[in-house]
Amino acid sequence: MNNRLYGNLIFELSVEGRKGYSLPKNQFGNYQLPEEARRKAELELPQCDELTVVRHYTNLSANNFGVDNGFYPLGSCTMKYNPKINEEMAVMPQFQNIHPEQPESTTVGVRTLVEQLEKALCEITGLAHFTFKPYAGAHGELTGLMTIDNYHRQKGDLKRKKVIVPDSAHGTNPASAAVCGLEVVEVKSLSDGTVDVDDLKRIVEEQGEEIAAMMMTNPNTLGLFEKNIPAIADLIHQAGGLMYYDGANLNPMLGVCRPGDMGFDVMHINLHKTFSTPHGGGGPGAGPVGVREGLQDFFPFVSPYQGNFGVMVKAYAYILSLGKEHIAEVGPLATLNANYIKESLKDVYELPIATNCCHEFVFDGLKDKSTGVTTMDVAKRLLDYGYHAPTIYFPLLFHESLMIEPTENESKQTIDGFIEVMRAIADEARTNPQVLKEAPHNTPVGRVDDVLAATHPVVTYKALVEDKES
Amino acid sequence: MYKFFPHTEEDLKLMLEKSGVDSLDELFSQIPQDIRFKDAYQIPSEMSEIEVRRVFDKLAEQNKQLTCFAGFGVYDHYTPAAVPNILQRSEFLTSYTPYQAEISQGTLHYIFEFQSMMTQLTGMEVSNASMYDGTTAAAEAMMMAVAATKKTNKVLVSQTINPKTLKVIETYALHKGIEVVTIDQNEGVTDLNDMKAKLAEGGVAGVIMQQPNVYGIIEDFTGVADECHAAKALFILDTVPADLALLKTPAEWGADIAVGDGQSLGIPMLFGGPYLGFMCTTSKLIRKMPGRIVGMTKDNRGQRAFVLTLQAREQHIRRQKATSNICSNQSLMALFVTVYLAIMGKQGLKEAAQLSFDGAHYLLDQLTSTGHFKLAYDKPFFNEFYVKYDGDADKLYDKLVQEGFLPGVRFEDGFIFAVTEKRSKEEIDKMVKIINEFK
Amino acid sequence: MAKVIEGLYYSESHEFIRVEGDFGFIGITDFAQKALGNVVYVDMPDVDDEVNAGEEFGAVESVKAASDLISPVSGTVVEVNEALEDEPGLINKDAFENWIIKVEISDKNELADLMNAQAYTEFCEKQ
């Protein structure tokens, strides 16, 4: 929004009669679409020349912040570097021009790629088979739960409709269970954020025959490894349930520990987190689901083809580039970076759980609570200094959660710069809290009024024009 | 040292020291030893970029490039050069979901434009920020209808929708406990009498139809919306957005929810994805709609700004009470479609649609004139049509593939062909010539 | 400090009910509106819908949270507060004045399970 012209909507740049396209001349003769099948409403799409369109979106991109712009310590999101070679491989015309209904004899290459990616993911996770149909992490969760539901149904075990979910879990877990027609049972967390095994025992004793699965991330949302995982898996398996691994926090486990070896039966992987495919401002990702031998027969039909194949190409390029040597270094280096930040800032930010973390950890706001400066203010001030904010107000276990996840790609210099700024912000909180309250100052727009947006929804250009007129 | 891991020996030493451990391994001391992974992964060793390219070049060579006359939900429309170029802007490509609105105005701004364009195409009042694909958007619409019309959990689905969409709908329905009842077809179109009879049985949350249908036929949905509304059911129309440049809009048919796949708006076929689903509805139903929505607002400096809004509908707040578990959209593909529609504009989109329509009708004329093909159902169609073939269809299919054509989709005793503006008269004539010479 | 009004009945999920004859006016308390922040939407049932004590009948949304509305009594909805459709923020201005639904109470004995003003004040202090 730095420049008036480029702050416009593309509709506001439209001029009647301009065009940005070129098409071949009609060689077929004219055929008539029946009048009753035609739209009556005018199609009010913008009319712009190509340069206007290119400048508009190029300038819009300047109002965005990506991993390529700077440090992006967004907890739980694994904002790692997206290597450029991956992008080039995914746009090869020999992949782009393949229709999914083409006969197998003409698609040997793409199918081989899928098979080899599956083999690599099986090896890295300790599971036996993957389906690539799920389009995203949440879609993977749903697919995994449907697989589990199909398994119990096939055994005639129709009572198993409950899914145990830790109370610290992300909202997607219970939402996926509900979409799968399953009921959520929350298991409590201990003060250190790990699963309360006694509470789990109680649930299993009371409702064992109704338990379909337990869903967990490991390490958990606080970045802590659930060291009781073998016992937890035993409890659930003995009760007849299956263990579901939410792959959201798989990154620190690379080279360290495999979900299959922890006792999990079904999992999804977010290729856009652990395997470096770009987040794209919120998608497309991919959420392939892996299972133990024997469960692959229960995969559901959740999409028509091989899911987001283009994303899979990028993930495979990443795995080939790193190879077995460097994939195994990902977890340890990501974990080192997180612990280094935690130890360097815990004197000024409140660290509720003081133990070695994995790839991420959570501060409960500033240590000095007397200033009235909130986590929101710290986050917004970070934007002024050219950093993306950490994840804020999640997990819900603490009031002022500030969840930090640096990835293995960040250098000590980058991290030291971030630490310095976080300390400077803690100083500002004491000396000049107002500058934090009003932050950000150096961004294209300031803090936005989300109450206005929600009470008076304007969600299209047409509504905006009508709104102005009234 | 590795190109993506910038840690020097000195860095490692200082960072381990600060972290209070002697080795990287010690960082994981809380993990029980017996479940630690101590072997080497059985995957290939690291590769240089040159070696990676070699692997992919080889995989690429093993696919055969065909001149595409297939559709069945995935269409070979042209992608203007400007579109993929903009998509590679790494400020768009490498950003996360726009939760921090102050540094995500780029993403939020184009999603607002995307919503504006999709509502123009469909004629509906509101749109979400996109969904995974057309089939899952249809399944989400089913769940939305059940949530919006209290105390019902049955949907009717026409047998003339794409069978793959139906299969995805049935998967979601099975687990969610929704009953799916199909409406019979008659001569290639939905049997509206059967629909009326099934609506009359009551308890229907929604009716799902496709336009153009699986055979490419433009169905006449006159009166369908009224029948649905009289039975308190929502009318859900699954459409092809590229065709809506010319076709009667879902809003004009009286639909409550319009869904479909945006792939037809220039997105490469790429062996099945990524594409994007879309969902548009009426203002009245906006709070029942799943997925993200971007709204306009102001910032504290009084400037126009955009922000994710109505978030209290979504999974991260509603948890198990949300109507959907969807978190992301297909944001980058929404950018794709937005730039595509900006380049094509209102005139270009109509021209491309007309060329596709004309090419398909020309192909049908040429096929009919061979004397071996007959339109299966004599109904108006758009750019896709189902023809019966009087010879050995499998053999003809193989022959055409061998000659470098994808002759539509093999369907029962014939083919479903699709034509886009990318197909030239020369290509069509060449394929028909091979067919004519085929014994 | 949140306002509490004498003579109303209160639930642990922070709804109040003001009883007038056979009818009750149900809304959220001042404590609840403060905790929720700016209310941006109220999801209300339809007139003639049945509500049951302890069961959900709608939801109140702020920008970053949503809270289910739990009915303190059983009965039939006879009126919904339509003013909240256009201006949900009225709840923040005065939560007690801006009730959400009016019900015809089917069993007045259920009122005995609710708290009075004093008990609710103590309940809130412990939150």
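Each chain carries a letter (A, B and C) given by its place in the written order, and its residues are counted from 1.
The working rule: a residue touches a chain if its C-beta (ideal position, glycine included) is under 8 Å from a C-beta of that chain, and two chains touch if they have at least 3 such contacts.
Source: prediction; values computed, not measured.
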Quiz item: So which has more C-beta pairs touching, A-C or A-B?
Solution: A-B
Exercise. When you average C-alpha coordinates per chain, which one falls nearest the overall C-alpha average? Tell me, please.
Key: A
Self-check item: Separation of mean Cα positions, subunit C and subunit B [Å, integer]
Solution: 43
Self-check item: Averaged-CA centre spacing for the pair subunit B and subunit A, given as whole angstrom
Solution: 20
Quiz item: What is the distance in Å between the mean C-alpha positions of subunit A and subunit C?
Solution: 37
Quiz prompt | Junction residues of subunit A - those touching two or more other chains | solution = 450, 454
Self-check item: Residues of subunit C whose C-beta touches two or more other chains
Solution: 40-41, 61, 63-64
Quiz item: Taking each residue of subunit B in turn, which ones touch at least two of the other chains?
Solution: 310-312, 317-318, 321
Quiz prompt | subunit C-facing residues of subunit B, complex | solution = 287, 310-312, 317-318, 321
Quiz item: So in the complex, which bits of subunit A are touching subunit C?
Solution: 393, 450-451, 454-455
Quiz item: What part of subunit C is in contact with subunit A in the complex they form?
Solution: 38, 40-41, 61, 63-64, 88-89
Exercise. Under the touch definition given earlier, write down the residues of subunit C that touch subunit B in their complex.
Key: 40-41, 43, 59, 61-66, 68
